[in-house]
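Pasting the structures in now, so scroll down.
Okay, so chain A shows up in both of these, paired with chain B first and chain C after.
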Partner chain A sequence: MEKSFTQRMSWLHTWFGLVLGWLAFALFLTGTLAVFWLEIQHWAEPELHGAKMLSAPATVQYSLDYLQKVAPDSKRWSVYMPDFNRHPMLLLHWLDENDAQQFVRLVPDGSGREVKTVTNGGRFFVDFHWTFNRAMPDLQGRTFTWTYMLSGFVGLAFLIGSITGLVIHKKIFRNFFTFRRDAKVPQTRWLDAHNVLGVLAWPFLFMIVLSGVAFYCYLYIPSGMQMAARYPAPARVTAPGAGGPGMIWARVVTDTIGLVPGGLPEPGSPAPNVPVADLFAQAQAQMGELSGFTINSPNRDNATVRFTTARARPDVITFTSDSMTFDGVTGRVISPPGNTVEAVQRLSNIFAGIHFAFYGGTAMRLLYFLCGAAGTIMIATGLVMFSTKRRTMAHSPAAARFYEFVERMNVASVGGVLFACASYFWALRLLPLSLSDPSGGSWDVYASIRAVPFEQAVRTDLELYVFWLAWGVATVHALVRVPQKAWTEQLAATAALCVGLPAIGYLVPNCDIGSMIAAGDWKMVAVDLGGMSIGLMLGFAAWKASGSRVGVRIGKLVGPPVLSPAE
Partner chain B sequence: MYFVSAFFCAYAGFAALCAITTRNVPVVWTTPPSPGVVKALRVAGFLLLALSWIPCYLNWDVPMGTAAWLMNLSASGFALIFPFAYAPKRSVQAGGVAALLAVLVLLVR
Partner chain C sequence: MERRVWSSEGPHIYTHPRGRSAANAGTFPTQNNWFGTVRVPWIIRNVAVVVPNKKPFDTSYAWLIVSRVTAAVLGGFVVTYWTGAAVAKMAMEWDLMSRGNAGMFSGFVQLPVYVALIIWVCATASTKKTWLVLAALTVLLIGVAGFTPGPPPTP
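The block that comes next holds the complex of A and B.
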């Protein structure tokens, strides 16, 4: 029989939704957490907690004094300014006497304390969100992630799902405010929740997935893929501005600060330089918020100072990049700001700006987080609905087995990734800080999981091991346990981990929520309390799952196969 | 704090529309509302949803404010619909309070 358009769309929605929903849930969850990744990064670095920050001009002066002390004869100094509102870490780079890159990460409180913790922190969620933390060497031995293709495919499928979803939704306006929590048929409840979440958040969901797919669209064509294969620098901390954890991605500044046109000039003869703090104020007045600056040949007669704006700024949606260069001796402007970008790059910048949510401050990010959470829950309800709807309809033992497998996969992909994320937060807090990579770590474009002998694994590796191990354990648990019990247990375990986040802070110096409230470090406190509230909601979900018909064993409900009249 | 006002304003708008949705009329009203009331609430509802753009604009300016307005509509919608399933009358009545709060927050600010 010829199927109607709506039925075809329904088929597409169901099967794309199911197969890619398993991955889409993980992508959406990590993407939602990644909205606050800098706050999570701050949360994961105890040295920064509760520090009394210097003002921006004082930080500039402090950085210069510090560099003057450790490397007065260096050919180049670079200063990456802290993001005082979200992740206040000061990163200083300089070239030593052998022109090798050195760096130090400091707490910008003027005390000279270093941030020794090297952690994936919130950055993990950003990377997982599009690469699943998998990097594979290509034939030339370069790092090439194919997994971003997968996440791009999931993104496209989500766009298809969001459009077909609108087509097949019966009575959007009549059922706009409908959530029948008491409906006798469980499927109706799930359908209502799925519809309400999907329809209300539709503008956000469409916009966020479209911008996510669009701003990297050049990576999905062959020449872009070749570029991507070359992109991550394989060597550690050698390329100017490419090494050193933390601040590079923190402001999404890429490597523009360290790269001065014309390469590294030979230092001239010693000469007094103009105060850089004054130039900083000038540059800031002309270009807006600055992400940092580089001084070539400091303390010499050919000194130049180059100021760079932050790629992602709080006051505009689109990503920007601009810089201006001063003569370090006279203070004269050598090259004024006014960077022009190609049309394609400008478009890509807009999509990136929309997707990364650096603009608009915490209130805007909270809206992103809430709408992202709605999308995450919508995917989960869709997956559950697939099982709820079909479990009584299995027309053959093979179909029954398939539906049971689907139900177990739902637990593994929804409960499992929630459990893995919560475990990862525990790893961030509880793994000893002394396991940090002594070299300071490498912050390539992809923070990917590495296969190294266990005794060589550093803290960043172990954090990722904990995540994947937790997900693996949850998957095995989902495959062997009765689905309803697996749902309850995994949600309850995740809830316990989340609720426990503030408590484990008391086991680690400088992480307890009490003294952080006293010190007024609300970024850190908000992550703790946010985790706790999510834990309470998951606890409620676990409680509901334990008593509801979410996962009645399929085998019991399926009788002998019922043949249709045609058969 | 403007965005708080936007949230309350959009909540009030959704509450007005929710109250006159055919399916919800028996749950919310003891006696069915007259066509005049329905019309007034419909106009007020859409108007409030549109008006919630203004605090977003005041907080963020046009491009960012518009993005925030769209997301704020989603967020305030959730804040109404899920509680509505548990306490329909209260959730709708809260719309009136929300409208007052929206103005109050604007004035205090």
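The block that comes next holds the complex of A and C.
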């Protein structure tokens, strides 16, 4: 090993950074895009584009009218309110005449239009950056998602990289203000770019990785949970009116659709109920923004109405959850709000709130996005710097082959993931809506790949296939092409795909940017323009990488070096 | 200008062109060397040139790296695993928190422990010492998690 402490830390920084940097880049890129995942979800569902949304009270009344029409004798209605600012989709659940779960997704504009598009949308980026879309059955047939442990280890390595980075860059403030753009040795330029971005975004990067890993740490190494589970469980308190299937952050949980839930209320006698819209206003005044409500035995003398708050809210950093229950006949409060959370759970909620960035509004998310982009570029510059520094210093044939492999893998991991993400956006826009799962749901809570015959694949499957196929093609391309050419071609292809995003909107009804500007749907417009801006930047990067600016033809030997060997 | 470099890639010597005149510079073999032909990336103007290292590959260095990485990643994992179990057990036995919170709290403890162990293993000069400390910690934590009074047996 190296002699001094700093050298050993440098070794750790370099090799952990390289081996896990390939995956870390993909995680950071998708995590950065996931900051705006609800906006991307909106972008991917054409039915929602440009719709004139109802107000919250009007949406409540619209939901009740709809449920009254389709399931007047149901034992349970559930309403999941739309997120009007980011993803305005209304989800309604009810129990049919056989007490089986049914649901519908609506545009909350009072028209009765359904959202037929079933897509992974922006949720894909959230799930990819901690599961790699992979749920693998273990030998016992249970689903064991080993990939989330891999992503956790990558996060851990990033934490170590950020700590050792501080140790080895002793002159951190000097590094922050140093960018030798005209340095003759390219390694210096890459090093400066790596340092500047790393120092600039260090607090954010450390915080975002720490909160992400800490939030799920008990899952990664679950020995503590396993030990705690050996102790007897406390008595479970069931809230009145609880139950029903749900929606986990815009992804409908469909594994209970068609099934009969347990704990159903007794069939009561018909009786007039108090207006739910009044109870909604009362609950909102006490608890803040509400995410939905469930009515047990609607229009009966044993009706109860339970309102729940949004877990993630723009006005609070930490995740919260609270609920209150009313008697549906008298309007009396059965169960007031006041959910108490223990200190450890509260700490976990804080980590989750910081990591998921629901607080602070669009400005805060934009800051997250920019800092995440800085971290993503920092990882890329670190990877490129590794090969730039070493490719001329190989001390053995094996080392030379290894450095060449590293260079190609850099292209596959950086250029390839960028290309795959851009291809995924094209798939979201261009895959026919008729391929959506006719049952209206998704197969799993998380966006995970299913191995099914191609003719049975639905739209959500095909979206994931496009992403992974694009990444595979890019990897093969990177392995067979000269690295410099591969860099240029992959960056240029990604740039073209991104710049073309607004254009392909004109091929799909209700997705063209012109009419969306006229309709004032700025969420959809922002995704289009954001994609185009990123495309222009990638085009510039492709131009810089092309070598045309230094007058050297790519792939051509720059003359034989005339030097004397050291021996 | 000759530099002797000792780095993670092992000892090697390379020659840098700056400071050399064309007159006393020989011709670097571009054919029949390990690379076949020397490909110089276009962005490099000052060409650093590889000189074959005739010294035999130092296997002891490779084993040192393997041992160190294994100690950091796997050894650290084992210690962290038993740390979680021991912390959760102590939290429950001393009635400090509820069942779910004890499990979650153990996760919060495990994260800094694993990070610190990996950094410490790589920072310590002696590999033998790291293995000894990891083994001692594992035995201690297994003792705490497995052999102290614990939960009632499941019926």
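Assume the second predicted complex is superposed on the first by the 500 of 567 C-alpha atoms of A that agree within 3 Å, B and C clash if a C-alpha of one lies under 4 Å from a C-alpha of the other, contacts with A are read in each partner's own complex, and residues count from 1 in each chain.
The rule is short, and it goes like this: contacts are C-beta pairs under 8 Å (C-beta built on N, C-alpha and C of every residue); 3 or more make two chains touch, one makes a residue touch a chain.
All figures in this text were calculated on a predicted structure; none of them were measured in a lab.
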Dominant contact partner of chain A by residue count, chain C or chain B: C
Which superposed partner A:374 touches (first chain B, second chain C, both, neither): first
Contacts of A:56 with chain B and chain C, given as first, second, both or neither: neither
Contacts of A:204 with chain B and chain C, given as first, second, both or neither: first
Partner chain in contact with A:354 - chain B first, chain C second, else both or neither: first
Contacts of A:149 with chain B and chain C, given as first, second, both or neither: neither
Touching partner for A:218 - first (chain B), second (chain C), both, neither: second
Common ground on chain A, meaning residues reached by chain C in one complex and by chain B in the other: none
For the chain C and chain A complex, residues of the former touching the latter: 2, 5-15, 17, 20, 22, 24-30, 34-35, 37-54, 57, 64-65, 68, 77, 80-82, 84-85, 87-89, 91-92, 97-111, 114-115, 118-119, 122-123, 125, 127, 145, 150-152, 154
In the complex, chain A residues that touch chain B: 174-181, 196-197, 200-201, 203-204, 207, 316-317, 354, 359-360, 363-364, 367-368, 370-371, 374
Complex interface listing, chain A residues touching chain C: 1-3, 5, 8-9, 11-12, 14-15, 156, 159-160, 163-164, 184-186, 210, 213-214, 216-234, 342-345, 347-348, 388, 390-397, 399-400, 484, 547, 550, 552, 554, 557-567
Of chain B, residues touching chain A in the complex: 3, 14, 17-18, 21-24, 59-60, 63-64, 67-68, 70-75, 77-78, 80-82, 84-86
